Every structure is written in C-alpha cells, then in structure tokens.
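Here come two complexes built around chain A, the first alongside chain B, the second alongside chain C.
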Partner chain A sequence: MMEFRKEFFADDRDDDLVTIGQPVRRQDILGHVTGRSPFYDDHLFEGLLHIRCARAPHHHARIRRIDTSEAERMPGVVRVLTGRDVPRNLNTLLSLLDFGLDDEPILAETKTAYRGEPVAAVIAETEAQARDAVLKVRVDWEELPHVLDPEESLKPGAPVVCDVYPLNRFVYHGKYDHQKLRYGDVEAAFAAADHIVEGRYQMSPIEQAPIETCGAIAAPEVNDRYVCYTGTQGLFFSLGTAAKVLQMPSSRLHFVGGTVGGGFGGKVDSVHEPIAILGAMLTARPCKFAWDREEEMQVGAPRGAERWYIKDAVARDGRILARKFTGYFDAGAYTRLSSYAVIKSVGHLPGPYTIPNVSADVYCVYTNRTPSTAMRGFGITGVDFAIECHMDKVAETVGMNPIDLRILNAYRDGDMKAHRRVAKNCALVECCQVVADKAGVTLAAEARDATSLTGGGGARGELPAFTRTDDHGRVEGFDTGSYARKGGTAPASASPPRSPVPARAEGQRASAGGSMPPADAARSRAPAQPQPAPQAPVQPPASAAQVPPASERTAQPGAARRAGALRFSSLSGFRRR
Partner chain B sequence: MAKKPVTFTLNGAERAAFADDGENLLQFLRRGVGDLGPKYGCGQGSCGACTVLVDGAPHLSCLMLAEAVAGRRVETVSGLARDGALHPLQEAFMDGFAAQCGYCTPGMLMAAKALLDRNPRPSRDEVVEAIGGNLCRCTGYAPIIEAILAAAERRATA
Partner chain C sequence: MALHRGRGFAAINYPIGMNLGGDPSQALVHSNPEGKFTVALSSIDLGQGMKSVTRQIAAETLGVPVEDVYVDTADSDTGPHCMGSFASRGTHRVGNAVIEAAQEARAVMLEAAAEELEVDAGDLVTDGRGSIHVKGAPSRAITTMAACQAAQFRQGRTVSGRGIFLIPLSEVDPDTGEMTPVSCFAHAAMLVEVEVDDETGEVRVLDMQSAYEVGRALNPRLVEQQLVGGAWMGMSHAAWETTEPRYPDRAHGPVDFNSYLMPGPGDIAPHHISVLERPAPDGPFGGKGPGEMCANPVLPAVCNAVYDAVGVRIDELPVTPEKVLRGIRANGGARPRGRL
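Showing the complex of A and B:
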C-alpha cells in the first residue's frame, strides 16, 4: 500500500490526497479497449505511398557518390529522395530552443557517422517495392576510422565524428567543452579526509522500444497545406522541426497527433514528419514513413551510454565532505538531446545528499554509435545508479550500514544544495526509514530518530565561504552571447536551403520555368541556429539578427520574414547564465 | 501481382475482399478490409499487438497469410462490444487501469478472450500464460492480469 505522508509536502499540496491509491479512469480508455483510439497509422489514405531509407553499412564513412538510377527504375518506385531534395538538410531539435548548433543531416550527403544513418529515401507504391528498391541504391563508400568509446573519442587524434563539433564534444555556454559544477573546494577536502573513496560506473544504451514504432503519414491538403498524422511525443517540436527542415511557415502544416503507442522518450525528436511531408510535396500523394521493428531497435535513438568517475572525501564517522564527478555522456554521432541530458544531470549532482564541496566536469561526447536521445529520466537515472552504488562503497569503507549512511548524509529542509538552491520538502530520511523497516534492517538510534524537518539549515544552509574555480576546458572562438553560437557564421557543413518543387496533383512534373517554389521556401537562408539576442516574435525587416546578408537573400517580397520554426528561447530558461 | 478473393466471417459478418499475393492477415484486415483494431508492433510474431482469433483460437495476424482465413471465423477487438454493450473484459480493463498507451490493448483483449472462452475461471498462472505472447512496454502487466481475473469473476457471478 502506498504511503504518502502529507506533512512533508504541505507546502506543495493543499488537497486531501484522496486520489492516491485509488483507481481512476483514464479519459482515453474507451478508445483503447474498443480499438478505436486513432494512432497515426489508423488513418487510411487512397493511394498511400511508402517510404523506406537506404542506410549506411559502416560506422563511419565518406560518401563518394550516391547512384539512385537503378532504384528509380525498380517496379513501383515513384521517387527517390536524397539530401539534395531536403530544403534545409541540417537539423538538431534543441536549436528550436536556441540551444546548440544544427549538426545532423536528414539524409546524409557527404559522410555518415553511424551505422544505419539514412542516405536516401525510396518512395514506392507498396512497402515491399520500397524495400526491394532500397537494395538498389548504390553508394560508393570510403570507410573512415571510427571511434565507439567516449573517452577514446576525447583523445588527441581521434576521428572527428561530427564536423560541426570538431573536438568531438558539445560546447556549453559558448565557453567550455563540458558542463561544470563548482561548489566549495574539493581538493582541500580531499587533502584533509580520513578516507578517499573512488569508483567507476557505466551503463549501456537502452532502447525505448515502444510497441508502436515511430512513424508519420503526410498528405497534400487544400490551400497549399499539408496534413501530417504522427506518433510524435512532442507535437510542437515536430511541427517546428518540419517547418525548419522544409523551410516553410508552420501555418502551412496541419499536424495531428496526441495518440502515441508508447514513446518513453524515443519519439521526442523524430524526423519522420518532415520526410513524409517532403514525400507528399514531391509526389502530390499521401506518403507514410514508418520504421519497422528492426529499424526501431537498430537506428532508433536510445538512452545514451554513460560513464562516471566519482571520488569522495569521507570522514571517519561517515559524513561525506567532498564529492568530485567526471562524467561522459555518449551522444553517439549527433547531439539530439544528449546536450540537455548533461545539463539536467549536473543540476542533479551530487544526488540527494548535503555535501559541502562538490565539483563536476561532465562531457557530452560524440562517437560513431547510434545517436542517443531522451528516455525516462535521462540524465538522472544513470548518474543515480552510479551515486547509489558509490554510497554503498562508502558505507563499506567506513563500516556503516548503507541505510544509516544515507540518512546521515541526506538533505534536510533548509540545507544548501550544490546548485545553490535551498532544499525543501525533503523526505529521503523518511523513505530510508520505511525501506529499513520493510527490509527488516535495524537502524542506528540516531538514524531511527532523524527527520527531514530537523537538523538542516543554519551553517548547512550557507553557501561555501570559498569556491575554487578554474578555466579547465575553456574553448575559444565561440560567442558567449548565446549558447554555443559560433562567431556569427554558419557551420562549415551547413548548406543553403533548397526549394523543393512540389509535384502537381495531376502527377506531372512541374517545369522549372512554370512552377513557383512553395511561397516561403526560398525566402531566407538564415539558418535556424542560435542568435545573439532574444527577438520579438514578429520581426521587422530591418532586424539584423534575423535577416541574412543582402547578397544571400532572394528578391521575393517578405524575404526577411523568418522561415522555419518559432523560437521558444524566452520561455526555455536556457538563456540564463 | 495476382490478387486472390478471400471470403470469411469477420466479427460475425460475412466479408469478402481481395488479398495481394503473399499479403499477411494483419495488412489484409487493416488495409484491405478496413478493420483497424489489430496493430502492427513488430511484424515478426514477437509482440502480440496483432493478435486476432481465428475459429476461436488466438493467432498472430502478422504471421498468417490472408488467404488462410478463407471460410473461417475471424474475431478482432472491433467486434468485442456487441449491440452497444461492452464485453466484460473491456469493462474490467477500463475499471482497473489496465491500459496506458493502449497500443497493446487490442491484442491483450483478444488473447484474454480466447482464454475466457475456453476456460471461464482461469487461475492467475493460466492468465499469465495466456498473455505470455503479448508485450506491454508501458509495463502494465499487473493491472492487466487483475482485470482479466476480474472479468472472469464478473462473468461467473453475473
């Protein structure tokens, strides 16, 4: 039976908590039990085309040439897309939040950085025909040296995984090649400690494995719009991404979602939508792009691998006086959400314990593995595993019961946390006491009598008198005005957006002279990358930050209007610091 | 590609449709017949989301050729409610929070129906065995097992 002691959450909850422990009917349950919940693939379209991708067979390889001619002649093939068909073939999800640089092609053109990276998308009448034609896409590969371990990837001379981040690591705040936490002086505490306890911990990637695989269906709609049914977890993320990648205003995109057959993080940053919509634009027919189970497991972005080194200074009585972390998040070949996982992780350190000196250097590292992304508590669960293993090791070192040790070091109300916020509504002490009780473990008298409401605050609520800082990992050449904004120029690998020529509904190929590109597609080559200052939602044409140099602009009216996604940066909270 | 006419009974009604050569029952039901109840989860018989009943026995429709149901009786989740009344399994799943994302639910319900049709008062172990081929990645197995037992109880005492 779940126990919920309201006194520890009195500040947060003013209800009577009568729902806890009671079954509640879901609002969508009738659809689920009658099989009528509208998952994206439950929308039927006449003449639906199927998209499947040709993928890299190597961990890391240069593309010398892609030959789609044989695939195009295969039965049922309507069109074969390559990176040249994608209006803006460079993307990362969090650049929508002004966090990080676009670093990943939708369809690779010059090189692939992980096994399974897509290089071409075949559109055919049936899924089987698309599968057959994928085998006929010829790619002239030049294999490159690869690196699969994050620490190997950081060594000098390691292969460069992602050209946008040539040091193989994400750049934080435009300043550092890792995310830092400095609180107090760990080195002084190590010098004075009774015990030094060190440990190394690591976790493998984990696939989210939803029962519904990732996918989307797009179709031409009236008034020059496209409808897209999708299983995405982040409908507005997907809308923003599609608008950016396709270089069209989101008002031309009609997204329908909200019924997700399991996601667990793996459907947050999908690019099925822009590919399906591009297919619909270029064929004038409904297109479905869905992964099969093998793709879901092999190329679907998992929870990333992590490796942690923890070093504690411990007093003879079990108090932890300092804790130092060095962490490596394996982002795989591209950033996806790993940059954010590190931010979240460092905000969580040193775990739910009051430790007066804490230091952390945590790296988001690129390797030639499958890109990793969100999954249930990503950024927290991995390091929590490391921390709690380490707590057991500390307990063993000082000869204490591990539950007593946790209670001794647990946050109490009023304590200062390493990320400089005061702890409140703490309940770890009480949770440990319940665990000990259920497990039949006899606690020491002080641990049994401890509460989260007492013993905190006072000196424990003060910031350290001295915090040792350093310039380790300082990176030059990045603008500090915004997250990782590189000196005002687009990354070397960024290519100007291209204009897809939409097919006519009748199916004839539009001639170059007689067709207009989508009204907004060609109007700006301003890449959707971090900009130096927050901007008002509607940009006057004179805004220097939003308008590309005149020589790069098209002559179309309205050229200065922002193409692509809305910005959420003022809401994100990422801008601070 | 040759198309084959397939005549069968779907949820009590005579149906006839053309199946593509080599088309599996799952795609045939969804695209050919328009019954969207069975779901694609793996296409290789490992998840159970596509479970339907053929002549009362559970089958993985992704591994069965469409033409194999010619002249046979097929039941899907779409036919579970009759004349506006929900099946006791559906009621029990609703009451017991036995679905989260809902994607495995159609297959779970059909596997459970096959069990209750042949064994109206199964033990907990028999329920676990009956849904052993159906994966729920939201990991809601305990409420699902409870709901199936509750449905059996409800039917026995009704």
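Showing the complex of A and C:
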C-alpha cells in the first residue's frame, strides 16, 4: 500500500545509507506482541493503595464547604486529600517555560469551573472502596452562571470562568488579549478583489483515545525519595510539574516511564503524578491514581474545539490576494497548553500558500467545560481543516480545478511567509502532482510543470512594503512571563508602518553540519535592544477586587503565584527562579 | 433515493518540533565490554517507534550493526533530559541528539582501532556490519568489538558520547506575529472518495490516495504504520468521533467505546500512499516527523468529497448523517458536483 517516489528531489539526497531506510524490526516488538512489555500499570506493589477523585457535578459552582468526615470513615479508606493537602495548589503547565499565570488548582478549594473538576481525592485499600467513599464526600455547592460557547464567553457580562483571567481570555506578551498576525494590508486587498470568499469552520472536540488510560503509580523509595511509574509523554515535564506542585527538590523524585500505550497528546497534562506522589508521601504507602474510561473521555482533556472565520480576497485567475482569520481556541476552564497552540497556529497561517496580505486575531478563550489540551496536530489540525475546506470554496468561486488552485497558490522555495521568514525545503506542489497523477485528475499545463524549486523568491520573497497594524485588544496590568517575549515592544500605531522594514528578511539558516539549529533571523537584523528583566507579575486590578483568593497560600497571586516555578531558558536550561 | 460518489482534495504542510524551539533533547551513548552500545534517553515511546528509530540512527552513525545497539528509555535517574514525545519532535530533536552522541563515541572507537592497527584514524571506515578497516584496504581490519575492548581494557578510554539538540527559543512580535516557528516542514496531499446515501445521510469513505513528503523515511515500516494509522484517525475525526456531539452543549458526552464511535475494520478505506523524500537540512539524515500530520488532510478532504457528492458543505465537524441529510433537504435534494 506504500510506494516510494524516489524520482522527486533525488538531487537533494544521498541514498547510500546502511541502516537508515531499512524496515528494521522494532526493538520492542517481541515484548509488545507477547504481552510482556512493562507499562506503568504493571509495576504493582505490595499494599498498593488506590486513588479516586470526588468531582464537581456542575459546570460552574462555588464551594461553600467540603465535608470529608463520612468518606474518611468508609471501609478501607486510608486518607482523603483536599486542596489543603497540596503544598502548592495552583499551577499552569507552561510555567515550566515561564509562559502564563498559574490558574488551575490541583484539587479545587473555593470554586469549580467545569463539570468533573476534582475537589477531593480518596485513598483506599481497593479501587471499589475508593469509589464507594467518593460518593460520601459532601460538598455544599452554590451553583454559578456558566458559559459554554467561546464567543459567548467573550461578550461583556459573561460569567468569569477563571479568576486569573477575568476577561475570559489569555493575555499574550502582557499586551494583547489575543495573538496578532499582521502582514501587508488585507483591507486594501479586499477593496480591490474580484471575489470575496468567506467561511466559518467549527472543529469538534475529540478524545485522544489511547488504549491505556492516563495514570501513575508512586511509592516511597529508599533514601527519602519517591519513585513514580507513569504513562506521561514528557518524563521531565511531569517530573518538573510534580516538583513544583509538591514544593520538593526534583532530586527526590525518580520517574520511570517510556513505554506508553498510546498518547496522541493526551498524556502531557501531568494530572496524575503529583497526586499519586502526594498520596505516597502522606500515607507512606504505594499509591495508584488512574482514570477509568469515563474519566478519560469526560474529565481528561480532549482536543479543543476551535472556531475559525476566514475571509479571502481572490483574483479572477485564482490567486489569493489576501486572507484574514479570526480564531477562537476553546481552552475550557483552564489554560493547560492552549495558549501555546494559539501561537503555533498563528505561525502556521495562512497555510502552505504564498499570500501577500495576511491578518489574524486568534484568541485563547476560557469556557466552563473540561480543559482542552494537546492532541495530534495541536494548533494545526483545526486550522488546516478550515483552510482546506475554504480552498475548495475558493476553487469553486473562480471555477478552477481544486488541485490546480492549490498548486497556483502553493509556497515555493524562496517565498516570504506571513511570519516573515523565507520558505525553503518546500514540497507541496509535488505532493499535489503525485496525488493528481494517481487519481487520474488532469491538471492544467502550468500546474503540471510547476515545481517547489522554481517560481519562488524574487518579488515573492520580499516583505510587504507596508503592513497595517493596530492595537485593538490592548490590555494593561498583565505579565505573562518571559516566554517568546520580544524586547522593546513599542506601542503599535495604525499606518504608517511602525518601523522601517528591511526589503528582505534573512531566511532560516541551515548549517552544513546538519545538527545545528537555524539562527533566529529576527535577532540578527533587529537592532540590539535591552531584554527586559522578568518583572514581578502584576495582578489584574479587576480580579483583585471581585475575586476571593483561591486559598491562603495562594492568596497573593502576583509574586506568590509564580514563585517557585521552574523557569525554562534556552540559555541556561532549567533553573529555579 | 440514491448513492452518490464524490471526490475531495486537500493539501497541507506540517511544522516539525515545538513551535518557537526552546525544546532540547539529550542522549548518552556508551559501549559495554563486548562492544555493544547502549543509548540512554528519557524520551517516550508511545508506540510510534521512538526506541527503534533512535536505535537505527545510532547504528548508522556509529557504523555498527543495528543488533549491536540497544535503546534504554525512560528513567529520570539514568536518561538525560528530553522535552517529551509531542509536537512531531521525537525523530527530529532526539534523532539529532543521538547523532551527536554517537559521533563522539564513534570517534573514540576509531581512535582505538587506529591505535591497534597502527594507522591514522582518519583513514578508517566502518562497514556497518561490525568491522572497521582502512579505506581501500579491507584486509587491514579490526572488529568493532575488538576496538571497543582495546579501548576499555588496554588503552583506558571510555567509548562514549554525549549529544544534545536545541533550537534556541525564539521571540514573537506581539504586533505583527513575526516569529521563527520551526526549522522544517513535512507535506501531504490527499484525495478521498466517498459515497453518500441521500436517503440516510450516511457517508462511507471508499478510497484514499495520498502523497506524504517526510524528509527521509528512516524506517519505511514505521512511516507506513504512522501514515496508515494517522489517516484512519483523520477519517474517524471527520466522520465518527466527538466527545461533545452537541458542542457547545455539554450533554450527550460518551463515556465508553460503545457510545464513542470509531471506524471498525469494515469501515476502513483502502489507502494508497506515495512517499516523497526531500531531506530537511537540519533533520537527522534529513528526516522530518510524519506522526502528527498524517491525519490532517483527511478531515477537509472528506468534507470536500461530501460536497462533491451531494452539494452539501459540512463546515462543522464531525460529518454526521443528520447534518448531511439536513443539508440535502435544505437544497431540495442531492446536487452532485463532480468537480474532480
């Protein structure tokens, strides 16, 4: 079912390798097919305890009181954990990269923002006993108004989902309530276009659906350490998260994983490791915390629903002259990784096409639903769905074969992309040609003769002479960390261009050695600007007034919220702030 | 009432590695007393074949048979840091770290061999089958085992190497979105044929024709497994799965595989894959990551094929019989387009 088309790009390759390119049998296949490969759940311990969570039944509710006394008296129950037991009961995953504010409790104490949010963790001798005791955790709820649709959530007066972000949206670079992309002048192109093509696209949330549900087993190890067997997709990512939440030096944690029964992005959130280790710490016994299938599907973070609006300016001959996006990532109740996916999607726009004017406003929006997270194609799959459905409409509007239309607009080597780097190593045209050939689709002569190596660059490699910028969505009083921060952010103005733009940006430099990263072209051509020192984050004034603190230990968001976070810096590696 | 066939097309590219970089991975390689090599990682094998592809990369770089290499992952006490297995970064980032580590170990192995053979290390080549010999003089040879043993037990050298790969974190301009997202892209195009029942609204995927450009297929079987499985996931994403069938309403959420539907063996469409290889300048042997992108073209291609078949645009996933049927009714019947 799979063939190689070696005739393409043959000049780019030496096909003289020994082991690379061979269908070598997998190293782990014998263990897998005989059922002997050890997964995290195969590390069973004498006296293993089981953890199950009591969860919010409402979309949005204030917690008046949590009473665990009856649950604690249930048969087999060893301990019931609440937020009070978590050393640092507020976290955001990407604090490891110094990106975003801690926004999510490990076990909710004052309010819950989605149905299924955990409020207590019962530790019992058997899983069945833990399940029974969970039903005896009494919570005095005060239901709050909720919002489920991302665009409803952005309207004035919508319920505040997450106190840390009172506008119900993530704040980018401490400056805007969305991530912008501005390249050229889309409005001028719309005014001059032969056709305007518009569309609205809605991705559905889906489950990563690994065969092995998420979980971890932790146990006291010798020498005052804890071992944690886990199905995580990022061993040190989960280790760093556990160290932060448990306020424990990472040297006291020993994580073992690496053989995982499917992940697809759903095993990055590091939900299980901190609670399993905390259980082991407080009971001095091995503890297992794992989701059942229902939790995996409804509490485990799915692929986020994304909504995209696209508007194209199209010439009669099929060339796309401008493309404008408005995107809404439905993060659910907490950020998890959605803030990152928004930037990733913006770097991906306008898809694999060379379009001289591109603009995008993309929002990371909070709603009262299960937080969403990474899934295969994170930040890309949804916008590719929107773009490629839209391309079909454009083709129909101008009366072109849909494959011809893709090739006509495809990016080629040397073209300038909307994120202001030069394209190289392109191969979209050839993929289109191969499929057309196999499927018996007759392409136009120009499309048949096109290549990724020719036709690009020149005027197509130039930056636009003028880029229309604006500062709508400006916010004050936020600092979302040093991640991806560009130095010296001058206030934007509308026209004229905010700074003289060089005629041509340097492309990504690939080294001869093959193992060196490309230089950051931006750095090489921007005048040296002092990198602002990481500032103490400022609490948004609005939320300070209206929102009671999550807990005493996290009562002063600001400095306290980020203190103790590991900060990732590409210069110094992991270090403590 | 009739069955209508339609064809839909989509083309995509896919960024390899974490957006903006800043996602290092490390590798350690060392020889045991028998001249067999262990690669120590903390990277995760999710079933995609991380242990196998890094093993091949190490063997190719060291110049030893793949059977002489074992990959040990993931123990935080013994494996050096890796950001994780996501963002299509495993092959690209970890592969480059393994190359760097293996190159350092290989250099020691060749120096040890040179000392035993009394030649210059620069004149030595490996045959990939366990032998090191003088270039152009295959009889002046030593086995990789003998070279590694000489290093460790006669010369006092450790045949080992360290590797790291890091694309430094880049910045994002808040006002224009200027950034360096990634260093390379994979590509794909796909044509899907569907059959739509205008009485029930049901959509069957009949056939998939695809081309995937992956840089270099480091292990063709692992690539095929990804592309076949990923396209299946894309098909399922397009027309079967959702955790929230009434999004944004939270009701009717599935809780098990009885209510969370995925295509079974009888639903799988034949998939004809062509692989193109345009090596990435900074990829390990040019390799990119095929793992994530393979699902992406299927979603829009299915929607476009449904439109081609009956003239109904499905702009909200998943493509359910209800949406198709409502669309057909709103149009006053099926309106086949036949554009492809």
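In this text, the second predicted complex is superposed on the first by the 461 of 577 C-alpha atoms of A that agree within 3 Å, B and C clash if a C-alpha of one lies under 4 Å from a C-alpha of the other, contacts with A are read in each partner's own complex, and residues count from 1 in each chain.
The definition used in the following text is that a residue touches a chain if its C-beta (ideal position, glycine included) is under 8 Å from a C-beta of that chain, and two chains touch if they have at least 3 such contacts.
Just so you know, these numbers come straight off a predicted model, no measurement behind them.
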Original post:
Touching A:Tyr334 in the superposition: chain B (first), chain C (second), both, neither?
Top reply: neither
Subject >> First (chain B), second (chain C), both or neither touched by A:Arg293 >> reply: both
**OP:** Give the label of whichever partner, chain B or chain C, reaches more residues of chain A.
**Re:** C
Original post:
Does the superposition put A:Gly261 against chain B (first), chain C (second), both, or neither?
Top reply: both
Original post:
Looking at the overlay, does A:Arg26 come into contact with chain B only (first), chain C only (second), both, or neither?
Top reply: both
Original post:
With the two structures laid over each other on chain A, which partner does A:Tyr366 touch: chain B (first), chain C (second), both, or neither?
Top reply: neither
Original post:
Should A:Asp42 be classified as contacting the first partner (chain B), the second (chain C), both, or neither?
Top reply: first
Original post:
After superposition on the shared chain, which partner residues are touched by A:His348: those of chain B (first), chain C (second), both, or neither?
Top reply: second
Original post:
Which of the two partners, first being chain B and second being chain C, lies in contact with A:Tyr201: first, second, both, or neither?
Top reply: second
**OP:** Please indicate which partner A:Tyr165 is in contact with in the superposed arrangement: first for chain B, second for chain C, both, or neither.
**Re:** neither
**OP:** Find the residues of chain A that appear in the contact set with chain B and again in the contact set with chain C.
**Re:** 23-26, 28, 209, 259-264, 293
Subject >> Of chain B, residues touching chain A in the complex >> reply: 20, 31, 34, 36-44, 46-47, 49, 76-78, 80-81, 86, 89-90, 93-97, 99-106, 109, 135-138
Original post:
What part of chain A is in contact with chain B in the complex they form?
Top reply: 23-26, 28-37, 39, 41-42, 44, 126, 208-213, 259-264, 292-293
